[in-house]
Amino acid sequence: MTTRAPLLSARGLKKSYGGVQALRGMDIDLAEGEIHGLCGENGAGKSTLVKILGGFVTPDDGELGIAGQIVPLGRPVDPALLSIVHQELSIIPHLSVIDNVMMGARDVRALYRRGPFRAHVRQTLDAVGLQHVPLDLLAEKLTLAERQLVEIARGIARGARVLLLDEPTATLSDGEIEKVFAVLRRLKSENATTIVIISHRLNEIFALTDRVTVLRSGRHILTADTADLTSDALVRAMIGHEVKTGEIAPSHARVGVAPRLALKDWSLPGRFAAPDLSVQPGEIVALVGQLGSGADMLLESLAGLKPGTRGTLSLDGTEATPRSIPEAYAAGIAYVSEDRAARGVFLDAPIGTNLVSQVLGRVSRAGRVLPSAVTALATELAQSFAIDPARLPHEVSTLSGGNQQKVSLGKAVALGPRLLLLNEPTRGVDIGARSEIYARLRALAERDAMTLLFYSTDLEEVLEASDRVITFYRGAMVRDAARAEVDADSILHDILHGPDEVAA
Amino acid sequence: MLLRWLLLIAMGLIFTLANSYFLAPGNLYSLGESFSLLGLVALGLALTMLVGEFDLSGGAMVAVSGLIMLKLGESNAFVGLAAALAFGAGVGALNGLLTLRLQVSSLVTTLGVMILLSGFAVWLEGGQGVSFSNYDLTDAFNASWLSVLSPRSVITIALFAAVGVALAITRLGRDIIAAGSHRKAATMSGANVASAVLSAFIASGLFAALAGALLAITLGRASSTFGANLLLQAASAAILGGIALSGGVGRPFGVAIGVLVLCVLNNGLGLIGASSPVVMLLNGAVLLVAVLVDGAPGQWLRRSRAAH
Amino acid sequence: MSTQSRSAPLPGPLSGLFAPARVQATVIQIATVAMFLLACLTVDNYATASNIASILYAASTVGIAAVGLASVTISGNLFALSLGSTAAFASIIYIQLSGLGVIGALLGSLALGVVFGLIQGIVVGLLRCNAIITTIAASSLIAGLATAFSGGRTVLATGGPSWLGNGAILPGIPWQAVIFLVVVVVAELLLQRSRTGWELRLRGTNPAAAELAGLRTRRVVVLSYVLAGAGAAMAGALIAAQSGTGNMRVGADLDFSAIAAMLVGGVAISGGRGRIIDVAAGTLFLAVLTNILLVNNFAYEVQLMIKGLAVLVAVTAGALLSRKKR
Amino acid sequence: EGAQEGKKVIFLGADDICEYCAVYNGQIRKLAAAAGIDLEVVTNKFDAAQQATQIDQAIAKKPDAILLWTIDGTALFPSMRKVKRAGIPLLLTDVQPDQKMDDLWVQYSGGNYEEQGAKAAQLMVKAFDDKGMEKKGGVILITGIIGQAQTISMTKGFTETLAKLAPDLTILGSQPGNWDTGTSTQAAAGLFTKYGDQIKGVYAAEDIMMQGVLIAAERAGMDPTKMAMIGGGCEPVGIQNIKSGKQYGTVLQSPVDEATYAVQSLTDYFNGKEMAKSHYVPHPMVTAANVDQVCKPWPKD
């Protein structure tokens, strides 16, 4: 594979943002028709590399050649040659799905007739699992996962020779991921498309890629055939040391005390009906289900975000049904959104401000914010979430995606809630940081007896972080079991097929 | 939008009942004249809002282009018209380039241009109003077709239709909506943001200049004071017509409705001879009703209606 | 060229003067001082107490209105267009109440501004209506009420000018400038240091995130309109105190002057960015510029053209300087 | 006599936001009612384009006559031609357009702005004489909104007359005060800073603007009682300032007179009287000596 001349070849790419060196001299070669994995910690420079290759970021130094031609840097490359599925989605909310897919396509003329493209776009959408989405639907009506799939469909529909996908699976469930991967494999085999995929889920890397490149601190660490790599070797290359995964951690659930969370007749008509659920202090519960299973809505309803929810919610034996987010916070329930950029963090505010933003009362006296208290609390939170305290005055938007996620978590944990609700807690977080976060969450459960409920589409995460797993199918619970009693297969079975077949 | 229609029809009914002349051809003609002036400026402004920007210089452009039209068009009206339109397009391009190159809010750049233009208007006027002695042309533009349509209103309606169609079926139109809807995503996904922004500003300058030139021809006069109230009204009309300040939302047809709401209101109030405070209060009240219908109260209404 | 990163969660007042987000504000501040010094050197009688007072009188009224407006902008609601009519009504009320003494009349006009601001705040913040149209509607309604109330007539103060209208704490420093200073300092502290101010700014950077974070967003939106109403009313009252007259022409240009001062000062229209001292700087920039043009007796059209160019040049300089840092 | 009774007249005028207009509108309503004329008042925000459409509307209503306060002296000629073509008699008030076109209207009644400016110049010369000042040195002008017909005429009348009567008085500077006290204060302050003691007199085209000039003068430490301060209109604020001695004089233009003349003009027309093309209201010069006799306080409604 390495003997052929590379289709794309980059040399000595350097990029710094202010004092932050995102890339410090990065080389990469991509062969025609290979699937190439790009791995590295949060902030390693993966997205920066991809954006430089696409011409969306101008590097400070370096060279780029595609198909034997020197490509000018910092000017968007022809999307029919090289196309990117961006980490921060580039879906345009007020355009229809078909317009979004056709965005950047070269054969759209000044007079834009959609007719000739409809069949092709329909096919592409169907292939990635969007059979149910009408072509003329406005993209703003799509869920996050559907937008991700539209973005992928766009990348595919352009038929580019090089397709770069930056964490395309972070918001997707396993079923959806499988479909996407099937399409990618077909692109490779039928069109000899060169595909680069970034993912923090190592199983995906091993399942899909031919070769892997690892970056660390903006530098090239290794490139190897995937077959020659082990999971441990890959992790070591990414973060420089081992990370323990896969063991079942002991539960810190307190028994013999009143339940922390007790739900009675909790339902949102037409969406979900939860069983009379009870969760102990210190317990970590994963809610698992596909989109539409109601598992994520159940989580949101507990934070008072779903008007129309019926039933009662008790915390530590007292009724505390929240009707709005402030009521939830007042009751000791905190919520972390899955949509980090739109609702999770204040991208344009400093990291420190973000971290204390939900506990302004605690860092102020008589209505006055105390700078020293802010610094102290922000530093403490930054340290416990492995955020570099030196960057506290910088805006969150300057952080890599994974580090932004840590800020989003840190600001909710700052509330010191009794019940912490997490929607996709480590979406886009690298494997090293992820185990740091799980350890931190576990410590909260142990030390403060905090109860955690999280919704995740990432089965690895579910298995690694939870004490107890509750699966959902079409609005109803399928199974409520201790972590030790389930494995990936059984969970997948539950959420894909529901209770009928469990019984069978 | 349905509620805007209802508002419009309700006002039409009320004024028809209150004054038998509301539907008289002469009155509809004058309605068309106001629609034309405000409509052109609002249409241009709406395009800049659609692309996620805001052109404050439209009102001042009306004054300047009128003055150019008459100063250069005394002997040959086409020369004047061409000069006025070229000037409008040029200033629009300048607005667009400044906004794109400097990457600052267009409110700031067009604010500067607006002040500059109003000074330029006074300078052009040179302390005297500028009048037009080509009464043939003026009369031609004051002609009426089917006793309700004037050349100005026909031109305006045609432009509204053309812009509406262009937004729907051209790549540029798609890119304008994309650039306004989500600028960063539009850039990342390969839309031609620069040409979208530039075209919107050029159109805005051009339409405002056309409004000014046509006004000058119909009045046979141009002055630096013309167009003073237009900007605010145009913004009201555009927002009322469903254009969102955040960009990407709304279409020319909606803007036309917004413009009509304001024009019918003021036409009707003028017709029934409402006193100044009443005119102001009713203008405020109608706008307030329109926003309430879009805000939470309207949503409650719709929800409770849906519940029954 | 990199700006020193500091461990304070918010940059202090002196750090990062040339950071991309601050560069325009800094450029305007420097330009204001430079213009003033240049005028002192080149224009006879420029640095006299009476001329400085004249600059400060003009700046104080527009500035106070712009500070109130800035709270609306920074909290994420773009701008308000009801300042002019509020100021006009307040000028009438101020004169009508002048029998109550300066403080009484001032409080009366402020109360009027607060009530109008509160109503707009409720419509925008609680009823979630379009912010711009709401203020345009309010402007029309307030003007209508004021015209009905006054019959369109000018009300005249009896007796001589009060300390508020004409008094100075020092030669060249009128009381109105002192009030402006106090308003700026209080508003700056409120926005930068108070919990409410933090909530207001965070709401401006991202309304959805602020709501999900449980911040008291409705409250700060209502508050911002109250501040805008109060600022406009205060401006109207100060104008009335100066001239001893109140009528519908007061505040005719206030909306645009305030928006211009704020934008030129470097407050971002998209919310969350910018400070009250920027508003003050923008106000002074335009006031000094206007004064220089008037003092040189430039023709009106030349004044306008220079002003427009100055705005463009300042913005361009700010943009180019901040570009380099990126 | 009495032929005007029951006649339908549409009056197109200016909004109440200008005080003069408000008084005028109130008066004409009252006087027309007293004369038995069925008067409909339609106002606009000093917007020539809006007024043009209002004229179209008025034509559609086929009144017995249209009384027009033209917002812009010449912008409305095409509209006036339409009125003429529709066969509706047109009478003008307050603003007199170019008289070359006077076959378009029956009569203009109201102020004579050029004469007002000229009277102001005469009054200024008188002030110099009265105060024992040498007619030498400089004066400044604070004008109305640039580009308006009134502003153009008043400035013309003042400048030409002053040049004739006192050739040694030079006009140092002129700035618009936009019929507004605050704007006038700033404009005058700038000129006072620049010219200081060179300024011996000020002509502000309206008393409400003179009020701004007086404030600026006091702030600049100048004594207005020692200067030739001439306003216009004899408005309430002007009366106050004349009585206190800060303002030397003003030139009367009364909205009450104008409204009276306008109704008279209508009455004359309907009664088939012989009518002159122009019927000007008196513009007497007013000083402290005659202010009480000449200037009637403006009626409250």
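Here the chain labels run A, B, C and D in written order, and each chain numbers its own residues starting at 1.
By definition in this document, contacts are C-beta pairs under 8 Å (C-beta built on N, C-alpha and C of every residue); 3 or more make two chains touch, one makes a residue touch a chain.
Because the structure is a prediction, the values reported are computed rather than measured.
State the chain with the largest centre-to-centre distance from chain A, centres being mean CA positions.
That would be chain D.
Of the pairs A-B and B-D, which shows more C-beta pairs in contact?
Higher contact count goes to B-D.
So how far apart, in whole Å, are chain A and chain D when each is placed at the average of its C-alpha atoms?
Here chain A and chain D have centroids separated by 72 Å.
What is the distance in Å between the mean C-alpha positions of chain A and chain B?
44
Quick one: report the Å distance separating chain B from chain D, using the average Cα coordinate of each chain.
33
Could you work out how far the Cα centre of chain C sits from that of chain D, in whole Å?
The computed centroid separation for chain C versus chain D comes out at 34 Å.
Could you list which residues of chain D touch at least two other chains?
Residues 15-17, 22, 25, 146 of chain D each touch two or more of the other chains.
What positions in chain C touch 2 or more of the other chains?
Answer for chain C, listing residues that touch two or more other chains: 143, 147, 152, 300-301.
Which two-chain combinations qualify as touching?
By the stated definition, chains touch in these pairs: A-B, A-C, B-C, B-D, C-D.
In the complex formed with chain B, which residues of chain C make contact?
Residues 24, 78, 81, 123, 126-130, 132-134, 136-145, 147-148, 152, 259-260, 263-264, 268-270, 300-312, 315-316, 318-320, 323 of chain C touch chain B in their complex.
Name, in rising order, each residue of chain D that touches chain C in their complex.
15-19, 21-23, 25-26, 146, 172-173, 175-176, 178-183, 185-187, 189-196, 208, 211-212, 215-216, 218-221, 235-237, 240, 298, 300-301
Can you list the residues on chain D that touch chain B in the complex?
Where chain D meets chain B, its residues are 10, 15-17, 22, 25, 40-50, 52-54, 56-57, 59-61, 72-79, 81-82, 145-149, 152.
For chain A, which residues are in contact with chain B within the complex?
56, 76, 79, 84, 86, 88-95, 99-100, 103-104, 108-113, 154
Applying the document's contact rule, which stretches of chain C touch chain A when the two form their complex?
The contact residues of chain C facing chain A are 2-3, 5-11, 193-199, 201-202, 205-206, 208-216, 272-273, 325.
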